[in-house]
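Below: the structure, in structure tokens.
Chain nomenclature is as follows: A, B, C and D, assigned in order of appearance, with residue numbering initiated at 1 for each chain independently.
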Amino acid sequence: MDILAFAKGVFEAQRFSKFIGAELTGATPTTAEITLAIRDELKQQHDFVHGGVLSYLADNAITFAGGIALGGNALTSEYKINYVRPAVGETLIARAKVEASGKRQAVCSCAIFVLADGAEKVCAIAQGTVVPAG
Amino acid sequence: MDILAFAKGVFEAQRFSKFIGAELTGATPTTAEITLAIRDELKQQHDFVHGGVLSYLADNAITFAGGIALGGNALTSEYKINYVRPAVGETLIARAKVEASGKRQAVCSCAIFVLADGAEKVCAIAQGTVVPAG
Amino acid sequence: MDILAFAKGVFEAQRFSKFIGAELTGATPTTAEITLAIRDELKQQHDFVHGGVLSYLADNAITFAGGIALGGNALTSEYKINYVRPAVGETLIARAKVEASGKRQAVCSCAIFVLADGAEKVCAIAQGTVVPAG
Amino acid sequence: MDILAFAKGVFEAQRFSKFIGAELTGATPTTAEITLAIRDELKQQHDFVHGGVLSYLADNAITFAGGIALGGNALTSEYKINYVRPAVGETLIARAKVEASGKRQAVCSCAIFVLADGAEKVCAIAQGTVVPAG
């Protein structure tokens, strides 16, 4: 199975991901990467990217990393996120990784980077749980 | 000061909140409420509202509740969210409440409800920290 | 079934709870309460109760509240805790409450209070997930 | 400055750490390690180490890693922990790492391993915030 192609198929069916403008740019048996070009309508009152956008990226990257580990149909049941730097730049990249997985859950971490002037800086860190759907 | 009017002024300056279609519908010295009409572009592949949308609501409701408690310019530094029911219905309502506050932080809880056929059901629960900006 | 008697039976089998000196002081279909007398060996370098003790209380109160909701044999899979005030006083009381429950999980909140000079003050707030064991 | 010696001095002043039997076994500018021999009084009703013990380790390892990054007097303001495997074995080792730090906070991750029959397995994963004290 081509994991990235399979994951992209699911991702393309997420209308909110299209609405927000995100792209699934990586998927392996233990990782997932989502990329999002920063534009004005993603920002808050201080011209930083809104925390809700970073949250979307963390939630969804965790879902895909954990979902692959669990073999397909899965959902994020919970996560936490720490914002560590205002997100200012051209592009956001969320990279999630499976830290531990079994039949019943996959626990994943996720770091979100902002790409500005050619350099990546971490702007949020998350940890969450993915469980089989249904 | 009219707290709701002040908070609405800040909320209106959040381009992402406008883009997603949310409205600040309540603000008191210890609470904030954000309402969002559900539409197709907010959904994921199973036709439920995407977790990222619920996360945005939790993050932002916590920011406003805690920000008011801290006297104005503030930001959410971290939070966690548990999804407890698929969000299916007409409207989402996030209600955040200050649980404890001091000079350096306000810790808030938030429950998100989905309104379907006239009844509210809780669909997510969150807890987070708001700190003074800058 | 006498819920409190049943829960006390489980609690008494927790060697760590005895070692630390805690007592299960309440249990209903949707709540649990654990009480702990503060003594020197529970403190850290500033003479406040160590965060690890508050964490134990949150973890365990959540386990009991959620476990009762799930019908018995259950465990806390994850939680988060915010410390909101140094714990100084005579007694700690952790009160957990089921916020939402189904077959697969119970999501609970917990507030921990310190009793000092006859008044209770909140010193930590937690939220977590309980799942059926095995 | 000898970081490990300095950190051990603080650790030795934590009465709860002595009571529980933990030892600070590592400290660098961006990491801290705490080790704890498993004994019966640290267990719960299923003979696994109690989650409260793992929580203590995560809380405290995060405090030390973040505290060193912040230059000394600091405290954990919040964290979350996921349990990923029953802790059964001889020894627990918590390893915390600074993921991002500034003047106002250090955000740290922590993995807790159980050593059994010569092999280490991860049994819990945590993420939290350390802030300057006072």
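Here is the rule we use: a residue touches a chain if its C-beta (ideal position, glycine included) is under 8 Å from a C-beta of that chain, and two chains touch if they have at least 3 such contacts.
Source: prediction; values computed, not measured.
Across B-C and C-D, the chain pair carrying more C-beta contacts is C-D. The pair from B-D, A-B or A-D that reproduces the interface of A-C, where over half of the contact pairs by residue number are the same, turns out to be B-D. Centre-to-centre separation of chain B and chain D, using mean CA positions: 33 Å.
Chain C has its Cα centroid 27 Å from the Cα centroid of chain B. Distance between chain centres (mean CA atoms), chain C to chain D: 20 Å. Shared interface positions of chain C, i.e. residues touching 2 or more other chains, are given as 77-78, 80, 82, 105, 107, 129. Interface residues of chain B, counted against chain A in their complex, comprise 10, 13-20, 40-46, 49-53, 55-60, 63, 75-83, 133. Those residues of chain A that touch chain C in the shared complex are 77-78, 80, 104-105, 107, 129, 131.
Across the complex, chain C is touched by residues 80, 82, 84-85, 99-100, 102, 105, 107, 109, 111, 122, 125-127, 129 of chain B.
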